[in-house]
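Read through the structures below before going on.
Two complexes come next, and they have one chain in common, subunit A, joined by subunit B in the first and subunit C in the second.
After this line comes the complex of A and B, so read on.
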């Protein structure tokens, strides 16, 4: 480190000290008085065409508003169309009933609160559960199809079923506290194509309603009236700045910021080093920043969906996952989002999965990397650099109880309990630098139950709405069930669109 | 849970759904065109009179600017004057040298980076270390006094020394990686009165420079020019709204938001339930929100200083701290900010300190509550509800190595290693609902090395600066040494003031 001057207040020192205020600086938002004129207009302008934006557009149009959807990418659908397409619904949906499962809104609510951690937004979760049946009807009414097929698997990648337990409902301690029900609803498809099917249905519905979806339009700034009301959007199209008036409101539904490395490093450094930054290329945080540009509040910017997809095959969950001290810290059969969160956020991004010959991956697997191989646990622990005896103590304790079909420490399900005693023993690296973590951001603009954006003073910003991962919705870390993000996006997107359309211009 | 209607789009439904957009809404910032006129003016307006604000004011005044400090409270000094007054400095300060300690800027930098975690702002830390000697001179030049007294204790509450190891420098693994040095510099005082001494010196220096500090002035909004440049501040004084022009710049140094429960619940729910919300009453997040109102970016809003003051007495650190699974997770002799962070953020806010008769607190202690008392470890573990055998395994492993003066799992210092074998055994509750956690917020506005506030587009906002806990500075969780917050506040406060004063009006 070079030794520098002791003072920094000279002219040259100012520049050396990183002073940059003199370069040209765009404003964070535009005042309508500085906008030359409107190039286009609609009652409701929706920024983004993923699940949140299209749901908003459909409801705004049904409320008789003139709607425009502006999409940065060359095709619509957003990250939702890349997703598994799972929507978390319950309380006794027609599909749950048809497949013989009982559920109530209260059970659904209690699971989401129990598993949700301190950031779980209870008011949104309550409304979401209370109105889940109506939301199911809405999706079906917009052409989303579900098959009467249930799967008992923990992951649907290879199963064209439409209903499954998509979270930790059957895991300890939730199974003892709340009656489990399968709530992951997904259009039947293999290879994670459910999201494409879901969005194809919603986009077709929007098209039938005559909603224009304009692609390759980069929304850059919000335009405000002098009283703070949102007047429209400044966009860039074919390199030209244009201004689109929104007579009633703007719905920001432009996704999260997983593909903006500068935002990721600053706001969610735990997610930054992960190998799988999941989401469509437009997830650049533009909607979040446009909202912040008019004083909107943001919440949970450090949070994300952090999936560590150990399974399938489920057989490997008979292994034991340990932290940097060689201790178990989470039941191995937990939802893979909960496992990823635990290691990424609570264990410093380090961990290992210990297996024996009876529960190994069938072959090399790109999701995990073998870190050590040994004929006994002591040698394995030594190879991993654990304190002498630490891994042995963990495995001895685990094996003694697993033989009796019990896991008193963490309550792993009996189906995955068997002593690890058949050499060779292997350790797979669950560390963030080696394992495959699929990550997406959760942080975004604070919104009311109606999808209105809230500013830092706790007031709503007239004419501004947000949905999907541009908003801070139901998904909060630890993520505890697939389908909460799409569920939140569609459900609160609908509300944002309807409320925007109803606003007096 | 009451069953509600399936749709929500009727008129009555809108109100029931929480639609609030129709109520009157102030704007997040004011446009100068909407300000009736200026009631007062200065070159540089400083919002807040703690360590950050006063340091900024002093440097702005020395750069010949006309300066005004506006303080919400009836007396100046901010939370800094309530603090211990420790300033983390090193690299071979005169006090370090006089007391026989060697240190380099590089060692200081390496410790702060090694201990800092993924959120540590490396660029700010580097500059802070490189210029630490100059900062020491600056403080002394402004009347701050240090005594040539070193203390070997981990905490200075009862010692009128001026230099000590204020972090985890002597703890594993840092002691093996970086040569430890004592870097906590504090005006000699007992009972946490160092902060009052520090601020008395800085306030006296400001007074000698003729800087007016106006108290009972509530700063409410920033005023911007149409190009986004900051023009001044809208304040409330005796109930009357007034507007103060800032010809060159505004420095926001109004503290954090520990006393704003709504912000705390939303942004830092881990800190919300803690019993000790530390800071002066003005820590309401006003500076942060004023900055966000003009599009400033915020960072690390979930982070905080989370002190779990187990010591003094240091003797209790011979005990063993365990998590909800009965496992050790952090060396008990770590800095108390690191211990608090570990239990609050990584262990779900739950933990216990296990002691025996040889290392108990001398009497009842308000900081911790006894959760269980037993004649042997098995009975203690049962009383705490641990899995059978789990606590025994932890203590057996610990004792076996402690007898040899070693802690292979976590590297606790030999001075605190002794087997726990003298009944009765006790467990003190370290859970957030029972133990005393002293907490303060770290999140704030993103700033450059020069103290300029950065907006969400990565551009600086002309004329806007921030310092102290209104900014996202060097303090990031886990907090790893006392004195980093005051150090950051004074060091970057100086820069903000100097740079604001040098800005062309």
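After this line comes the complex of A and C, so read on.
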């Protein structure tokens, strides 16, 4: 038998001996010769039924492949169905045009590259922007509905709206470099339930195409041919091990790993202590581990969506956010993913929001707790333990310019500039222990533009594809616009499905 | 059939839960505020916030399960369960959501730590 030790260690026999310790390790593949027989088969087997998986399944089916979707839980939809359901699209979509906004694929690309930082995958972003109009048509063609209503709010609080500026497009310095356009597209929905609507549409489309979604199926290991080609998946259903053959390919779209504490501690320790681990219960890293088990490379494993939602209400953004030195480090009106990233990754998970009586939260708020209350800034700085004079220097400098409607240090928008001078002054704790950080993972399997999984030697693994948060896609830290994760999942999920369906078995 | 199995399992857990948690640790609502944060993917306890992906949790204790006005997402299992929410029952559910009501629409990882569950319950009790 090949790879006896790895195979033995991760086999079912080890259940009692330390499964916990192994939850962060690759899941070794099963050799085809050790499969007693196939219990089921399809051309393309999709692991997971969120936005990535269902988009892959739809495109594979349209390419005439026989498709099967396997879902861990009894209800399909994955974390996408609990998300805001925003898709970042642009370049002049019919909705942008109908609402009077100009945009080009080039502007969209330039914003994503400028705001994305050094880890932004330029090749994927280029393709994503060039084909954004087609992707909009694809979503609408699959029953996703958008209303001709624009919202000017920073956060998706307007229930009837389908278009908004979902990132930092209107913030310094991007507003001066790239013409801002609203690119967050979302089905109109009350109380952040756009994801439910998005997935209801995509799942209904999959159903019309006759794609079976098998629920309560736990995918455990990939099955490989002797030449390394992926042959199928070993699953557990009602406690029984079964083997599903994939004649052309397996698409891993099983989400990220925010609910796998061992994996989180090992790969993304910054995200581990955050209070709001965000996502449905299937984000256990299974798809990533299965891919690693056949030698897949992983990218950006420590990256994450780290939202510190100070707003709404937008009025609190007239406050000043400071780090452990009592100094400002990011414009307070930045996209809340950028704020969260700054304090979590760059400031050691510590920070405070300083407000006066004019920009305080209207009442106790579950997102933050008060760390100090004082009649003047000197006393507030002392209570927070800053070096003498540090907070006063920050506030004096800020106030002097805010009175003129300017923020030369960080470029906060004029709408949120006002001197802090009305006592009492309060400091809210933005530390990771006390504040609400909603977080999920971005790291995952390396994939090509076609969704093929790449191994550690740089070769594609025949018959293996990945999408959504199982793959390392467009979303990279710092996250700079809502809708990039769902956008990436649907867009590259489609490609993975189409390419898998076309592979010669 | 699954409904029946789910309800039976629920009953067993209810009884077991009540016995096992007779000495539930005292909860700290401030710690519970942070324990509850992942639940905000779907639930808000604040009065007036209403239903999200999950029903509002304002005044959950003492309410009949599956009866929040305007919430359409309940499973048949929960609507038919007929029980009234108590801290003990919520504790049992959060300890092992897959066993308490396997067919519930709440797909959740669970909170294995007893103290954390007690903290969360103490937090929710503030919104009665």
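Definition applied: the second predicted complex is superposed on the first by the 475 of 505 C-alpha atoms of A that agree within 3 Å, B and C clash if a C-alpha of one lies under 4 Å from a C-alpha of the other, contacts with A are read in each partner's own complex, and residues count from 1 in each chain.
To be clear about the criterion, contacts are C-beta pairs under 8 Å (C-beta built on N, C-alpha and C of every residue); 3 or more make two chains touch, one makes a residue touch a chain.
Keep in mind that what you see is a predicted model, and the values were worked out from it rather than measured.
Legend: residue contacts after superposition of the two complexes on their common chain; A:366 is shown touching subunit C, with no touch to subunit B. After overlaying the two complexes on the shared chain, residue contacts for A:277 are found with subunit C alone; subunit B is out of touch.
When the shared chain is aligned, no partner comes close enough to touch A:175: not subunit B, not subunit C. In the superposed model, A:247 makes contact with neither subunit B nor subunit C. When the shared chain is aligned, no partner comes close enough to touch A:350: not subunit B, not subunit C. By the touch criterion defined above, A:382 lies against neither subunit B nor subunit C after alignment on the C-alpha atoms of chain A. When both complexes are overlaid on chain A, the residue A:302 reaches subunit B alone and has no touch with subunit C. The touching residues of subunit C, counted against subunit A in their complex, run 30, 33-38, 40-42, 46, 49-53, 97, 102-103, 105, 107-110.
By the touch criterion given at the top, residues 73-75, 81-82, 190-193, 195-196, 259, 275-282, 366, 369, 433-434, 436, 438 of subunit A touch subunit C in their complex. Contact residues on subunit B toward subunit A in their complex (touch as defined above): 1-9, 14, 17-21, 23, 25-29, 31, 33-34, 59, 63, 105-106, 109, 118-119, 126-127, 129-131, 133-134, 137, 224, 226-228, 262, 266-267, 269-270, 272, 288-289, 292-295, 297-302, 325, 327-329, 345-347, 387-390, 393, 397, 408-410, 446, 448-450, 452, 455-463, 495, 498-499, 502-503.
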